[in-house]
Amino acid sequence: MALKHFKTQLEYFKISLKTALDYRASFIIQTVSMILNDIVWIIFWLIIFNKFQNTNGWNLNDMILLYAVILTSYGIGGVFYGNRRNISSIIVEGRLDYYLTLPKNILYHVIISKASWYSLGDLLLGIVLAIMFIPLVKAPLFILLIVLSAIIFISFDILTGSLAFFMENSEETSSTLREGLIAFSSYPLSIYTGLTKILILFIIPAGFVSGIPVQLLKTFDATWLMYTIGFTIVLTIVAVSLFYIGLKKYESGNQLYVRT
Amino acid sequence: MDNKQYKNLAEAISIKDLNKSFKVRQKDSGFKGFCKSIIRSQYKNVDAVKNISFNVKSGELVAFIGPNGAGKSTTLKILSGILYPDSGEVKVLGLNPQKNRKKLAYDIGTVFGQKPQLWFHLPAMDSFNLFARIYEIPQEVYKKRIAELIKKFEIEDIVDQPVRKLSLGQRMRCEIVLSLIHNPKILFLDEPTIGLDIIAKKNIRELIREINDKENTTIILTSHDMDDVEKICKRAVIINKGSIIYDGKIKDLKNNYIKKKTVKALSETPIRFSARKNVKIIKKSEFGIKIEINTDKTPIKNIIDYLLKNNQIIDLTIEEPEIEEIIEAVYRK
Amino acid sequence: MTLNKYFYITRTNFVNSVAYIQDIIGSSAFIALIIFIFVNLWKVIYGSNEYINGFTIIMMLWYLVMTESIVTSQSRVLEEMGNEVINGNIANYLNKPYNYVLYKYFQSLGRSVVKFIVTFVIAGLVVYIFIGPININLITILPIILIVFLAITLNFLIMASLGVFAFWIEDAKSLDFVYSKIIFTIGGMLVPLEIFPKWLYNISIYLPFSYVAYYPAKLFVAFDYMLFFKVLIVELMWITVFAIIASMLYKICVKRISINGG
């Protein structure tokens, strides 16, 4: 049964790729500009860490590990589950009905039905960084961590996207929350103190997405790994439940939006 | 559901005492209204569907008609599991669409004239392949089926072209093929001929009838085009303001209500036409006239001949009654 | 060609849609987040040091407030202009009695000013709460406003010139993306150019990008009359250059489009 689901995903993947390659120049430019963007950031951090010594223990190597983790996990989300950031607009524009008439699990169908090729650059660069800077012996741990991060990213997107079931005009809020997660995850995480630390662990889970994985890659700690796995599971359950609760509301037809 | 079960079903669709109402947000205009709506949202209850009941046997061709806002789309959405009813019993192929959405989806096909399901930038073939996967059709079965459908719908030359390059008629044929790939037991068609030229419309209607004929597919059609209704379906269910006001053979509908035609004529010379039995003069001016004819009692040919013989006709229009008129007539009766 | 009609265009676009207000709220919230991150970052980096390349931590963060406000005020302009080029809408402007670039400028001006003010207030609030206020000589406010206005104008004109290229690469979003990265780095948006290695600093100060973010923000936190006059002249120079380039490019582009039928 799961195999059949993957076959559907593969088909959508093929379609997304075909559509993108139709505009070949655009496709290449998008991928290249993403890679350039990421490289610019790496150079930026190179300059910063070269110049400054005080960074609460973070150094350039940590920063590269961070990038390897978030680029790969974010890239996976984008390439394979590309519609995760479009949940709000799909709900608002009445496009859910397409999915509701087809015999597939709704949430899954929604997120796999598009590939976001902007993320391909991230994914490629992330993998390159991983190959270059992560020792082979840590590869299984790395793979586990990026799977967890990817799930957290996707679940967070599902959570924020589902707000559209409950609130009017939620798109800006969702979008800001998502960008907030990416922003917090892309800066060294040792710089926060006290209350902020709690914020970035549980509210905008940048801590679990990149901070803790980097720590775990440096010094393995089974307890923190368990915490991360636990958090991932809880977040996923909450996000998926919220979506289906909202879906029920949507199907009861209390019209927040016009449905033709 | 296999064919044997399907044939043995008493009813493909059964609806009993279906009710559905919506809470629609009331927004007063102006600044005051804006302030009001922030403090407390006002809701108005709108009854979309009031206590309707009807059944459809497997293999039937039913037209589901009514003016806009009558409750058609609401009912269709409830049947396809997109919307949940407030109360009442709905069974499609023996299943509750609310509880068995996914299972039912394997046996239902939908074509929405105004909401295409084909991917716009890619050849229709790619959409077909996608849906084959979505419906989990085994490759050998799919290959045979799609070859059949392509041949029957005569789309060999266009399946590999991007859908955006096709004409509306070609696109519709591909949309219908898309809805039939998985051999659905029930097909919901919502405005399938909208925007098509006469030849394309005829073509589509024939194809739909053939599918029903060959595969015993139950067809539920909504359309504002009375020709669609007449040429495809045998039975009509008319809904207005949430209630069913007619459920019976289209033949009877025609006989009772549609045999009226309106003729508008414009003449170069002062128009000559006198009142007579079974003909009602709706409007008359010096050079023009608008007449309503009961074509059951008076062949329209007679009236036209008379007009042409006795006047210098420069413009002549023959109109069928609008569906709203028919419904009004049905309602009044 | 009276200027009146252009001001009318500005005013009309000023009070626009719910989407516009949402966009402002969304981007302000995001900017607050970024500022917050940088407050933490600089706090850690500064440690017990008072100066880094001549900037105190207060100056450093208010510098960021200014650069973010300028850049955010026009955050989607390049993408929008690029899209108009791609879908050939600009051909509609051929037969209108105004200059396209000028029209676009005034159209976006109202929004940019509002966005600038809102961003500045929000970002400033975050810095004020976590770090503190900046010392500014009140006399310098007017010259600073002038330079900021010129910087916004220059930013617009550079984006207008780049927007044309959307036609060939058929993608406006990437263009916007790449340009914003350039401003982030050698435009001096993220950090003052002094932080960069000497060779990079030397190149950046001669490029027009530094006049969009770096110089206005530097004047804001460390006003100096000599610098002010120098920046004023160079801003005007770059504005003239890009105004000419943009107008020329659009004339060519519009001709191309109308020949090819859109």
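By letter and in written order, the chains are A, B and C; residue numbering begins at 1 in each of them.
Methods note: a residue touches a chain if its C-beta (ideal position, glycine included) is under 8 Å from a C-beta of that chain, and two chains touch if they have at least 3 such contacts.
This structure is a prediction, so every number in the text was calculated from the model and none was measured.
*Asks:* Of all the other chains, whose mean CA position lies farthest from chain C?
*Replies:* Taking each chain's C-alpha mean as its centre, the farthest from chain C is B.
*Asks:* Find me the chain with the mean Cα position closest to the mean of all the protein Cα atoms on display.
*Replies:* A
*Asks:* At what distance in angstrom does the C-alpha mean of chain B lie from that of chain A?
*Replies:* 43
*Asks:* Distance from the CA centroid of chain B to that of chain C, rounded to the nearest Å?
*Replies:* Centre-to-centre distance between chain B and chain C: 54 Å.
*Asks:* Provide the C-alpha centroid distance between chain A and chain C, rounded to the nearest whole angstrom.
*Replies:* Here the centre of chain C sits 29 Å away from the centre of chain A.
*Asks:* Along chain A, where are the residues that touch chain C in the complex?
*Replies:* Residues 23, 25-26, 29-30, 33, 36-37, 40, 44, 47-48, 51-52, 54-56, 169, 171-173, 175-176, 179-180, 183-184, 187-188, 190-193, 196 of chain A touch chain C in their complex.
*Asks:* Within their complex, state which residues of chain B touch chain A.
*Replies:* 20, 22-25, 73-74, 77, 80-84, 98, 101-103, 105-106, 108, 110, 114-115, 117, 119, 121-122, 126, 129-130, 133-136
*Asks:* Once bound in the complex, which stretches of chain C touch chain A?
*Replies:* Listed in rising order, the residues of chain C that touch chain A are 18, 22-23, 25-26, 29-30, 33-34, 37, 40-41, 43-47, 49, 52, 169-171, 173-174, 177-178, 181, 184-185, 190-191, 195-197.
*Asks:* For chain A, which residues are in contact with chain B within the complex?
*Replies:* 4, 7-8, 10-12, 14-15, 18-19, 22, 97-98, 100-105, 109, 248, 251-256, 260
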